[in-house]
Amino acid sequence: MKQLSLEKLNDLFALIGQTEALYLPVDDAAGQAAYRRWQPGYTLSKALNTVRSAKDFFFPQTENLVDFKMQGKSIEVIDPRTEQENFVLFGVRACDARSFSILDKVFLADPVDTYYQSRREHGTIVTLACTRPEETCFCTVFGIDPAEPAGDVSCWIEENTLFMKANTPKGDALLTLAAPLLSEGGDDAVAAQQAATRSVLARLPLAKLSLDGMGGESMLKLFDSDKWAELSQACIGCGTCTFVCPTCQCYDIKDFNTGDGVRRFRCWDSCMYSDFTRMAHGNPRLTQRERFRQRFMHKLVYFPANNHGEYGCVGCGRCLSKCPVSMNIVKVAKALEGEVK
Amino acid sequence: MNSETLIPKIGVVTDIRIDTPDVRTFRVVGLDGKKAFEHMPGQCAMLSMPGVGEAMFSITSSPTNTEYMEFSIKKCGCLTDWLHAMEVGQQITIRGPYGNYFPVETDLKGQDLVFIAGGIGLAPLRSVINYVRAKRGNYGKLQVIYGSRSKEDLVDYQEILDEWMADEGVEVNLTIDREEEGWDGHVGFVPNYVKELEPDLKSKVLVCGPPIMIKFTLAGLKELGFTETQVYTTMELRMKCGVGKCGRCNIGNKYVCKDGPVFRFDQLDELPDEY
Amino acid sequence: MQEMMIAKARELLKSGAVQRVLGWKAGEFAYDVEPAVFESAQELEKSFVYNDFCGSNLSKYLIAQSRKEGKTLVFLKPCDTYSFSQLLAEHRIVRENVYAIGIPCQGKTDGETLKGKGFTGILSAQCEGDTFTVHTLYGDKTAARADVLPERCLNCKSKKHMIYDELLGEDGEVLDSHRFDMVEKLEKMTPDERFAFWRGELSRCIRCNACRNVCPACTCEKCVFDNDASGIAQKAAADSFEENMFHIIRAFHVAGRCTDCGECSRVCPQNIPLHLLNRKFIKDINELYGAYQAGEDPDAKSPLTDYTMNDAEPGIVYHRGGNQ
Amino acid sequence: MQNEMTTFKPKIVAFCCNWCSYAGADLAGTNRLTYPADVKIIRVPCSCRVNPMFILRAFQRGADGVIICGCHPGDCHYTTGNYYARRRMTLLFSMLDFLGIEKERTRVEWVSAAEGAKFAATMNDFVATVTKLGENKRLEDLRCKK
């Protein structure tokens, strides 16, 4: 375990920022946390988590895939990518750290998505342990310990000290870079903080959320449940839950005519949107009920069916606080609980 | 497979055949004049015109055709309108092959095969039919039951007359929805025709066509005594990536682009009814 | 009030006067109240709530609900009745299938506003008189009611119901609000300052479309931003231009019809003050074409489908508003 | 810098109504009145046809200024189209100003079929105004930049 006085936190940021792009949560104009590229004067946000998840860094909201130049009947295909720079993502919470491994299962599965892969290879993830979880948190349901977050480096902030522990070779490299600022020690302080945090975790209102019976075995039973009509009745069909979700990864591919050529880009898409599955011959999901069902079935049933029971949710609670009509995965899971008994 | 799967190759359209008033068959080769890639019958490819759109089409030519690939495309949206308007020599983009294929080298080998198609649904089956015809010795009897709205809507009509009907051991049964002048063949819907023809219960069946036709055909086959494990179909849903990541063609825990498009009906039974 | 509402709803359901009740349903915590349809007395008893978190405007749900067989009972707060009235004027709701009960409102807060004020780990909350008591994971805390209300309620334009079949409680008055203060403040800035302000705000947009989908004035069967053929269908804020254009056009499409209910700002996950764009249009309309409040008079002509011979020329923009 | 300023030629999109202003532009041409060639005219049936989106799209695609020309109020071929356009454009321009986008980049002028001289003078003046403002930076789409 390494430690650093918080007074020197900015020195640490400056040191890392010298060699690599450093991103960390800072408060935005509306007082919410958002990842920004560090520059002198920025301070680490005290908020529990960012509004947008950290998935942006590996799977950005829009990303150019390929450029085309057209002349007469011919087409030229241009790969627009430049070399990916190394970057450090500081202050990622345990839930978001888990989300990367969920995204990996999609994007790194054969055939590998090289756009995503390159960002994953060049990113170093520095996680930060939670000390004040909120009522919307339920990461523990998925076996995540926010007091011991994963990532290349794990950090704890206690009183006036930052404690750091490297978990991977990438993490070792980062701590070696920061070595001039760091000193040894802090195991006891970290253990004490973890014990305190875990006692709060046990008291979280959603800590006992049961997902028994979810997963592939009850696919058709859950799909045909008549609860969906009731659950989806308030849904306004926006993409808020999808876009703040750290594990939602559906995307659209669109062409943009720049006047000079065509830029094909991909952008986040939402299965909650009415045109998500619309085709020339019709739409298999005609009402919001089907679209709503798809999102939650995917997270609670389809994804675990394909991934040894791992759910497509990390319990970060973003959809709980952001849904315009206060509908969310917890309410869905609770309503469906009775269906599989 | 190309590891940069989202970056397409250039395909050159070397021939455009007008099949029906709204179906054309496009012959495509790579820039080097050879096939852009190899495939198996039932697999698909993403064709696109940058700025217009990109969509998944089944490859209608047989893998045994070593010179080019063909796509029979019905005019029904932005991209297909554009494709129908283009001229020979036009470059388009192509990526693939995507999806699984009819089990021609395993489950279907040595079997009697019945192909049932409606309208443009013949497109994916044509690839299998020609594959099987090319490797005739590996399969038993072949029966093709194909129907369309009218005579002029029969896709690949000339090929059917000149080649399939001329083949020994291939029985071709054509039908159209309504009586018309110059047609002395069968008149009626495909599902009813299938029941009339009573295909051999030992055979494997490959069905493709509009959803409603598939539904009634399957019901008819069951009445005749076929089981779901004997019947294969190929599906179509909106797709963007083609590699099971963009989430669009997700049904249950399957992705039609990657785990499909070919499914056996007993496999479909295990999936939510959302197609 | 909640008890009165449940009693009323139960009575009307029982008599068969209405077939369903559109109201609010309790959630996991105090604040996550969701709009819901109730079809039986049991459902009402189980989860119907009316409290300080019932901020969502139910009028847009009536577009669908009023097309169902039988009557729908709906509870409308004063500001919701403006939207209801406007939707009726636009023939979007089948009036004879709706039984509207006006209910009083003292301003509604929401979880996001409480969290913005520093309350974390909220387990439950009550309001007695003017004091909010919030029970959190980290102890109980109190706050004055006025301190935890969102901007739209602090600048409430009216406590008067515009349209209803029945009223529970007292009707209020149209208020003399300060809702245009922030617009004025922005107008007094230099264009550079305004540009910087809006870039800071709009650059946070994630194009989730919550503002559009929740808006009672956005009722097109197919939005222009969802129409591939329009050439402007965009799913993501791919460039600063897209964010600007989406929000300008969104506000423009509801200009003259927006009742200023404030739902757009309430639902924005990024807390962008979208209502300021709508209020700018309302303020301009008031100043240039005479005072107009959408949803107030169902027979009044909307300012953008109306004109006079002597309207101001567009050049007037060069001479009014902010410094150049 | 000085050099850049003097060589900047703004791209102007002019939406002209078919019945008055387009004919006015024609007349300016036949009378050999000059106005900068960087004014691209788009003919529309009526000034009322101009959707606010058209204006924003023009800026996106690289326009530095957008001007809408229609019949004089009262003279609309469709009787009242330009009255509606007048309200819409006033509100739109005010909104652009509210967002801090230079209001001088947008303009409405009423030009009749007989006013060839006015058309040329208006364009000259508008081009001069926009030239002074420089390139459109606040409502540009970087993807469309070459």
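Labels A, B, C and D are assigned to the chains in the order they are written; within every chain, residues are numbered from 1.
In this section, a residue touches a chain if its C-beta (ideal position, glycine included) is under 8 Å from a C-beta of that chain, and two chains touch if they have at least 3 such contacts.
Quick caveat: nothing in here was measured; it's all calculated off a predicted structure.
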A student comparing A-D to C-D should find more C-beta pairs in contact for C-D
In terms of CA centroids, furthest away from chain C sits chain B
Min distance from chain CA centroid to global CA centroid: chain A
Separation of the C-alpha centres, chain A versus chain D, in whole Å, is 46
Cα centre of chain B to Cα centre of chain C, whole Å, reads 51
Chain C and chain D have mean C-alpha positions lying a whole-number Å distance apart equal to 36
Chain A residues touching 2+ other chains are 252, 256, 269
Going by residue number, chain C touches two or more other chains at 228, 238
So chain D residues touching two or more other chains come to 143
In their shared complex, chain C is touched by residues of chain D numbered 52-53, 56-57, 59-60, 73-74, 80, 83-84, 86-104, 106-108, 138-143
Counting only contacts in the complex, chain A reaches chain C at residues 28-32, 34, 48, 51-52, 61-62, 132-135, 200, 203-206, 233-234, 236-240, 242-244, 252, 254, 256, 265, 267-270, 273-275, 320-322, 324-328, 330-331
Counting only contacts in the complex, chain A reaches chain B at residues 65-66, 68, 70, 73-75, 77, 79, 106-107, 109, 111-115, 216, 219-220, 223-224, 249-253, 255, 257, 261-262, 264, 266, 269, 271, 276-281, 284-285, 290, 294, 297-298, 301-303, 305-306
Counting only contacts in the complex, chain D reaches chain A at residues 61-62, 143-144, 146
Touching chain A in the complex, chain B uses residues 1-10, 50-54, 76-77, 80, 87, 89-93, 236-238, 240-241, 243-248, 250, 252-253, 270-272, 274-275
